[in-house]
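Below is a structure I'd like to ask you about.
By letter and in written order, the chains are A, B, C and D; residue numbering begins at 1 in each of them.
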Amino acid sequence: MIIILKNNAPKQEIEKLIEGIEALGNITANTIIGEHSSIIGLVGDTSRINEDDIAASDVVEAVKRVQEPYKMANRKFHPDDTVVQVGDTSIGGTGLTMIAGPCSVESEEQIVAVAEAVKKSGATMLRGGAFKPRTSPYSFQGLHDTGIQLLLEAKKITGLPIVTEIMSIAHIDLFADVDVIQVGARNMQNFELLKELGHCDKPILLKRGLANTLEELLMSAEYIMAGGNQNVILCERGIRTFETATRNTLDLSAVPMLKRLTHLPIIIDPSHACGIAWMVEPMARGAVAVGADGLIIEVHNNPQKALCDGKQSITPAAFDSLMQNLRPMAQLMGRTL
Amino acid sequence: MIIILKNNAPKQEIEKLIEGIEALGNITANTIIGEHSSIIGLVGDTSRINEDDIAASDVVEAVKRVQEPYKMANRKFHPDDTVVQVGDTSIGGTGLTMIAGPCSVESEEQIVAVAEAVKKSGATMLRGGAFKPRTSPYSFQGLHDTGIQLLLEAKKITGLPIVTEIMSIAHIDLFADVDVIQVGARNMQNFELLKELGHCDKPILLKRGLANTLEELLMSAEYIMAGGNQNVILCERGIRTFETATRNTLDLSAVPMLKRLTHLPIIIDPSHACGIAWMVEPMARGAVAVGADGLIIEVHNNPQKALCDGKQSITPAAFDSLMQNLRPMAQLMGRTL
Amino acid sequence: MIIILKNNAPKQEIEKLIEGIEALGNITANTIIGEHSSIIGLVGDTSRINEDDIAASDVVEAVKRVQEPYKMANRKFHPDDTVVQVGDTSIGGTGLTMIAGPCSVESEEQIVAVAEAVKKSGATMLRGGAFKPRTSPYSFQGLHDTGIQLLLEAKKITGLPIVTEIMSIAHIDLFADVDVIQVGARNMQNFELLKELGHCDKPILLKRGLANTLEELLMSAEYIMAGGNQNVILCERGIRTFETATRNTLDLSAVPMLKRLTHLPIIIDPSHACGIAWMVEPMARGAVAVGADGLIIEVHNNPQKALCDGKQSITPAAFDSLMQNLRPMAQLMGRTL
Amino acid sequence: MIIILKNNAPKQEIEKLIEGIEALGNITANTIIGEHSSIIGLVGDTSRINEDDIAASDVVEAVKRVQEPYKMANRKFHPDDTVVQVGDTSIGGTGLTMIAGPCSVESEEQIVAVAEAVKKSGATMLRGGAFKPRTSPYSFQGLHDTGIQLLLEAKKITGLPIVTEIMSIAHIDLFADVDVIQVGARNMQNFELLKELGHCDKPILLKRGLANTLEELLMSAEYIMAGGNQNVILCERGIRTFETATRNTLDLSAVPMLKRLTHLPIIIDPSHACGIAWMVEPMARGAVAVGADGLIIEVHNNPQKALCDGKQSITPAAFDSLMQNLRPMAQLMGRTL
């Protein structure tokens, strides 16, 4: 960590600041005095120092962090890729994870039909929303516990592990048989939820918030990992920008950047990112090409009658065609599909 | 709501779409056929229609909403300003609400000292965080129930009503004696939390999310109001943009725009918006000048030793000076302070 | 175009508005009267109507455009892909265009060495900056006319057509022998420059501005095309967002979206988008996978000694390896390389 | 400037880097070796070093600038406020500058009528566009030289100095009698234009680009000042964000921040920022309250018939009322109006 001092900061004040910092232990401060500005370089364990607190000092002009503030998620300290095991399948290894299913679980007929179709096409996991975060209180909010029951029904029939979103820790008991718990973009910094999920033993699919940096995403993963749960899967699903042609802007550069910063697996959600069904396939190809470990895709047997997000759902037939088109691309990237 | 049809959409499909929409009841569809494009205008109660679901139809090019999707928060249907009563004081009337206090409650000595100081300067409410949303799991997370007890202690001594942030519905019982419950920016779309707060009888201070539009803010207010709780206070606290000179970009234009769209009171948080102590006063002046109903300001008796957000906290002396400088501005705007 | 009228707008005023619009010719107005709001649907040639001007009317609440405001760039009116011929090569056909070269032309030795190297690896065009847009007036600004002479020298030796950026119409004569003129991101809405380039007969490589929508990019292309020059090549080079891990955020979803909206070819600049050398290859793969017509890549024989943008430049050896790795990907996408 | 070195960077390579930097002269490098990372602190004149070039080195992880890259615009080196003299009036002193007039000059009748009206209300300068940057080539582009002639006519009649926008250096001769030359937001980084304006002796009104940081704005001012022209007036006119309720987001926090960073005067354009006529007055009040040196406001005698930007223009009557309402606010801020 580097502390840039104000011009003409009194020597005594600087020394007091250094004393205070070194009192935290395991930190050594080195001072460089320049004509126009002086700096203090901190060497050691700076993870417990908050930049803003240092910046509150009267003699400090700015504080800049050198080391990443996350540890357990940091590739520097864990060079090998994390592979998350989910039933018979895994996320983060050489296989390309394909998670498919409807935005919302609507009925047994619907979820089983979609599950059977996507399994036949090669999907490795089933997604489906039981609790739905909707901007409007007047929109369909999901089938809740019934939705989870129907997902488990579909799992029993197809054998596909299931992923579904949690919106409140109060519902955690309903997720006992769920294979992967999803934290949605709007809850990426719902820290109380993250802490609780750190104490459970299930893999967590953590989606990047609409306006969250990659560092913040990793800090949220760190919340879960610090609680003891190392099975975190990151998901980029589009960020909010000024562009309105697509619902969000899919940041595919997040994939190689995250691969460098962390050992956790990364998947891409092209459905929510673009919000348009016909864009799913080209962006899915792009995701595989930049090195994503998998995809999560909305598939609905009747998109025009979907209770939510029909605009971005593809049909089982389109998913089947997508899978066939992705296979050579996956192979090229050294992935099995 | 207006539906723009695709070129050469088959007449039969268009009719099917219209039938489906009109089946929802209380909606009439009018079709305008043009050379290059045709549109359907929907008249009636379109609040239950989801644009994206219509947009999923094969014959639809785009859907545009004409009416606001919020009702209870909408000034069109409630022309008079809402005034929220909090103990002896109120928010949204002719008075200018001044909420002041530390980012975090740290000790009885600290919170009582700050409370007494800001009361003397004219603050109408006391703020202080007991549960703190921190980006890092390694940062100070607040004193939790002890923090709330200390706030109540400070209230007993000063008579100032207290505002403090809730981070999980699991903690709701601890808030029984709190006067105003704050929903932080990161939880603005924590819909399960909003729903629960709709069932409680306390005023809710709802902060705008870092990347949320004013319409989304009003939809989140609508969640609370739809549950039966009409006492919602909106708070603009800076949005995330590309600019890095300030922590966030304070959107003061939100004040007159929200005043037009809704009847709910609006306050400004210049401390979190800019993240810099010396910017609090000029931006507080700006907030009053554009018509805000109040301010929420971080005050700490020793900013350099604050356990969080010291960089943006002002001292009790600076707050006292701010109050004196704000008085003529408030008067000019027809506000008592 | 759809005009949403204010509640209780006087009938007489509405009629006056309609008269004014229909007076422009070739436009028919249809009015739909609803309980809470009424709309006017305009059918015909609305390209000359400015939304904001209509929105200034006292009786208008909002105006929404249905048809795209661009015509010559619009795929609806020109379904076939435009293929831009540049010397022996072309952009936008089945071949994948590979433009490579240094950020700045620095010396004959440098530009010839890079040109020979990238040609050997399979590049189809040479890039190099003679006029450099730099944020700081104290940074190296390019070799100007000497830079162009050196590019022409490299062209003579290698046969590679050259692309270089124009920053002012005052320099146009210096570009007489340049093959493709580049308009940089910062000049995307330098409309006077665009108008002048509309009168020249050279292909124009038009880069998307840092904060410009795809529609604005197409409107800038329309400026050039309206002047008579149909040879416009679009280039996505990263947009400005809140994320700081990469210099900009590369918007690969722009490729399929632009392919749908326009018939013009689209290339990707991964070097400027990410600003980091090791990210060029993965993002180049992603670009090909989403359907880009080509890439423009910074290659420098000694990135550590580059006079600008060394951080994002790759070596000739890295470019050669990139080309080999891209070939099977290009083939998979039905492109020759 | 601080250079963060990669872990395990070879000592020899670090020494080579330091040698290269010190060879630039007037720079001393101090190295701090830590366990996990080492840093080099550069002390001296680092304004000619480009961060990205250093960052290209194999041994460098990151580079962080400590000192601002602008000098002539920097308040540190010029503590006193710059006051720009324009005819009998000045910008940046104790007076509040009020620039008013139509978006476009449309006719002699129009510009003279508006000029006389705004003068009577107390405006100190007249604005009006002769060259108009329009997104669409099919929109009205301004009256060009005739427009400037009409402005000069209005100046002769009213005595108001005139401000008008330049879009190309090719038109500079037409601006011989113009009092202040405006550089629009889209040309803020048209560096060739800025360089030329650095050689002229007229005050330049430099608008912040839609997605430009305050540092970039100051670097563009530096371009003009480095050429010899110290009379630069900065203008905040709204930045591009995700919010769509207003055309842009007016960043009023830019005023106090710029006041700290630079000695140049700063004015606010509430008309372009919000794009809505009724928002001009509240945001103008806010601008004065945060300490702006002036305002530039669009006034049109018939907004509904304006050839551009009618939606955001206010009538002369509304401007007169605005002036009366602003006076006590200006007085409160110690400004004469």
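Please note the rule applied: a contact is a pair of C-beta atoms (placed from the backbone, for glycine too) under 8 Å apart; a residue touches a chain by one contact, two chains touch by 3 or more.
Quick caveat: nothing in here was measured; it's all calculated off a predicted structure.
Enquirer: B-C or A-C: which has the larger count of contacting C-beta pairs?
Expert: Result of the comparison of B-C and A-C: A-C.
Enquirer: Taking each chain's centre as the mean of its C-alpha atoms, which one ends up farthest from the centre of chain B?
Expert: Centre of mass proxy via C-alpha means gives C as farthest from chain B.
Enquirer: How big is the gap, in whole Å, between where the Cα atoms of chain B centre and where those of chain C centre?
Expert: The computed centroid separation for chain B versus chain C comes out at 39 Å.
Enquirer: Please compute the C-alpha centroid of chain C, do the same for chain D, then give the distance between them in whole Å.
Expert: Roughly 26 Å separates the two chain centres.
Enquirer: State, to the nearest whole Å, the distance from the C-alpha centre of chain A to the C-alpha centre of chain C.
Expert: 31
Enquirer: Which positions in chain D touch two or more other chains at once?
Expert: Answer for chain D, listing residues that touch two or more other chains: 211, 240-242, 244.
Enquirer: Spell out the part of chain D that touches chain A in their complex, as residue ranges.
Expert: Listed in rising order, the residues of chain D that touch chain A are 2, 4, 7, 28, 30, 32-37, 39, 41, 43-44, 62, 64, 66-67, 76, 211, 240-242, 244.
Enquirer: For the complex, which residues does chain A have touching chain B?
Expert: So the residues of chain A touching chain B come out as 47-48, 50, 52-53, 55-58, 69-70, 131, 133-140, 167-170, 186-187, 189-193, 195, 209-211, 216, 219, 222-223, 226-227, 240, 275, 277, 303-304, 306-313.
Enquirer: Would you mind writing out the residues of chain A in touch with chain C in their complex?
Expert: The contact residues of chain A facing chain C are 211, 213-215, 239, 241-246, 249-257, 260-261, 273-274, 278-279, 282-283, 285-291, 328-329, 332.
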